[in-house]
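Both complexes below contain chain A, partnered by chain B and then by chain C.
This part shows the complex of A and B:
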């Protein structure tokens, strides 16, 4: 039986270092492996022995695209362990800074990294020649997200203003008002962006994912909620390990996360949207319906539409929070360290980011466990690749290669986070 | 340019001050802080350069200072005219973090917002370790680069003087 191998030795337009190997024997895909070779980063190990107050600045370094996800998950875990609840305007400000991260991360991915795939263009620089207005729109969206990050976080990359209990400094009403004009413009841009990406030619693919996301009683999830799935999971975040496990695989320096009972699952925009459509503002729901996006979308290529929807949501949510803002009396709730275990789970742009920490009496970290979204999606990415490559076996390798890269970018994977990821190789035999 | 007698010039220092010689662009910007004509904009970028691209349309001339990959001569100053020539791409373009200066300039060129001239001073680094300081040979290039930029601005303004128009 002849075998053919297709390799992508270094995947572009994703964050981090990884590669893809597809093996085809006869008329079947026998293996699709996402090889993550970015070196392990040992964050969980070097958090041991560090004081709880240091952690937001340490975990922010896991990722330059989604530092807020790591900061939010760790501060919630600390507060959980120390028996403190952060509420009111401090909680609202946490949602606001998370909106900033969603806007800038999603805008970068939707327009600058993923849209070129649908337009048959090599990259955003080439796209700027034919679609300059759209690239300008992305830059404006990104700037709106960055503004939030800078105002609340001190700077847009690796922000420094988040602390356990709240913030080092909270903004005045007047400072938040400076964001409004750009956010209102961003909301209009996001609306146009949803309508534009919804017209892309989407490969015909439906996958039977088990969606996993946070679900809150009345909010589209960012910082808080129960862990739910499209099958039967509805658990407290502290019970994550009862349903999910991580496994080493030979071809990846990132652990693979799996459902103990059913294997691969999906986190991220498609999952959040499917499980929380009813929590979106009516204006956002109406736009999704206008562009023909079903309430549950199982076509991974349409994740670009859902990301654009979530940009719009984040703009609206940010404006809502700013309108209702009254500066809190204190920038942070005081914490009293105690021995214990705390859990944090928040919705990074790419999906749930789950943390567990064990603290000593003085608040130093005895053990840390961080499960980033990309490691949770790896098995689903590989399953998608096998299906996509299998549908293109009569096509030249270059066609297979391009579609497989696009398939990976459906996930906006952050390889750097997950190794704590890309090349494509197709083997035909 | 709106006023042909006076160019709107910006100097942009780029770098991460926590990564050894990568700080050199920011270091040059700091040396220029009180020495530039008051109408020259001094910008510093520690992270997201994409956020600056659209703003470049406001300027008639742009001078960028950034660290260059090691090529055997730490501290050597390279001067490139980016409006005329393409810069070599960042070696880690595959990363979504890596919209580096070369990619930002290429994007600005496609969007029609790249000032002409755009001059890049690229200073060869030696060590980019996290938490490291600027190495001595690269530090020695800080003043020399600042002086060259002041001279460059003087030349740009004299070329734009009324007698020239």
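This part shows the complex of A and C:
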């Protein structure tokens, strides 16, 4: 049979470096592999022997896009191991800085990386020619997220203020108040953004995902909750390893995470939203209904709408926290190191970021294990690609290529984080 | 505007966290103006429209950790009139250069079940160890205002106005009371300025993410830290982070054995 190959040398508008190989034999997709060959950086290895207090600064460097996710998961794991609970306003400030990261990261992806796909454009700069006001307001939205990061964290990328037990310095009420007007404006922009992205032409695709996300007794999840799935999982984060496993596959420097009993699963906005719709503020629920987004959305292309919904949630949540804020007496609760194992699992913009650390008596790390969101989604991305490519076999290679790239971008994959370079090869025989 | 006459900008990634190139996208107020002044010819993280070289200015993020990347940087240099490295990974090897202090095979085995699938070099090295670099912008991450200044300077054909002094000067400019005087170990006296002295303003010591300043007095800093009660291990750990392989930090860290 003749062999046909389609190449994309570098998948654009994703964070990091990877490649894609699709093999088509006759009228079937026989293989779809997302190859990640981002050079490994060995965080879990060099964390051994480091002190607990330096970990928030170190793990932030796993990902420039979602450093707060890594910082939050590690501080929770440390506090878990040392038997300390951080509550009250310190806990609220942690949610606030996480809201900043969600707004910044989601706005970057929705407008600058993903929306161009739906308009057939190469980037947001080109988009600005026809949609100038929209791109400018989206940049203002993104900046509002970064303003939270900058005020509370010291800077947007690799913030310096998070520490085990709380913060190095907590803001005054007046300092937080300076964010209010910008966040109120951001809330309006986010509302318009939801309405705009909901009008995009979405390919008709429903996938039977097993959604996995945190679920908290009364909050839309950011920092804490039980680990639940749309099937039958409802476990403490410490029991993650009883249900999930990582496999090392030859085509990726990111480990693949799978459900031991059922294989691929999905984390991120679609999963969080499906499992926690009832935890969203009524105003956000109402907007989802207004734009026709079902309470459970199984179309991966519509993840852009869910991300926009989550930006609105994060703006509202940030405003709620700021309104209720009273500066705590201490910037951090004291910690006493002890030998033991601690777990942290928080909702990065792209999905759960699970950490486990074993500490020696003096708080030095003996072993570390970090499971980032993108490595968990990798098997689902590959399954999506097989379905998407399979539905387009009669189409020209250009169409298959564009749709496959868009399919990968549905996930906002953070390949730097999963360990990064995307090259698309389609083999037809 | 005649598009063909705009300078061509390229952004390249090697082993890194993406944070430094994200700094460019974080210039929310300047991005559209910048995109008018230069032709963004190769910036895959932001655009799927990639134009062939040569490029007038290449910004390079990340360190060299694989044989493939050691080849790739040579091609980037060939296509670039000016090549500027951005961030601690590109200028000093980054945190992944901690492998330079250990056996990389132990690192691979600690992370991967099937080490034979992994192809990596024993060291993480800065871009300048492989090709000629026209300018280095320090920081983990870089400061976006400095990045805009750097791009503007290269467009205008002048030297970037970027200070080479220590973080201490920035603390004075900011009016921050010295944390070291209050008993807190700080790397500010030996660390390259650029961040705006954020950490002391947040009541913690500088942790050296901008790497060594020019001619730092490392021995004096080591002595001061010991006086403040830091153990040799504390000093080693503090210097072996994001710029661990930068010569002054590497040398001083290795001078503090248990």
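Quick notes on this one:
By our rule, the second predicted complex is superposed on the first by the 424 of 429 C-alpha atoms of A that agree within 3 Å, B and C clash if a C-alpha of one lies under 4 Å from a C-alpha of the other, contacts with A are read in each partner's own complex, and residues count from 1 in each chain.
As a convention for this text, contacts are C-beta pairs under 8 Å (C-beta built on N, C-alpha and C of every residue); 3 or more make two chains touch, one makes a residue touch a chain.
Computed from a predicted structure; not experimentally measured.
Superimposing the complexes on chain A yields a three-chain arrangement in which chain B and chain C clash.
Look at A:135: by the touch rule set out above, it reaches both chain B and chain C.
In the superposed model, A:195 makes contact with neither chain B nor chain C.
Of the two partners, chain B and chain C, it is C that touches more residues of chain A.
When the shared chain is aligned, no partner comes close enough to touch A:320: not chain B, not chain C.
Contacts of A:109 after superposition: chain B is touched, whereas chain C is not reached. Judged by the touch definition given at the top, the superposed model places A:168 against chain C, while chain B stays out of reach. When the two structures are aligned on the shared chain, A:91 is found in touch with neither chain B nor chain C.
Touch criterion met: A:57 reaches chain C, while chain B stays clear of it.
10-17, 64-65, 108, 112-113, 124-126, 128, 135-136, 139-140, 142-143, 146, 155-158, 416 are the residues of chain A that lie in the contact sets of both chain B and chain C, per the superposition on chain A. Those residues of chain B lying in contact with chain A across their complex are 46-48, 50-51, 53-54, 93-97, 99, 103, 106-107, 110-112. Those residues of chain A lying in contact with chain C across their complex are 10-17, 38-46, 48, 50-51, 54, 57-58, 61-65, 67, 104, 108, 112-113, 116, 122-126, 128, 135-136, 139-140, 142-143, 146, 154-158, 160-161, 163, 168-169, 246-250, 253, 255, 331, 405, 414, 416-417, 420-421.
Considering their complex, residues 10-17, 64-65, 108-109, 112-113, 124-126, 128-129, 132, 135-136, 139-140, 142-143, 146, 155-158, 416, 422 of chain A touch chain B.
Taken in their complex, chain C has these residues touching chain A: 13-23, 25-26, 28-29, 31-32, 35, 40, 44-50, 65-66, 69, 94-96, 98-99, 102, 104, 106-108, 110-114, 117-118, 120, 140-141, 144, 195, 198-199, 201-204, 207, 209, 237-238, 241-242.
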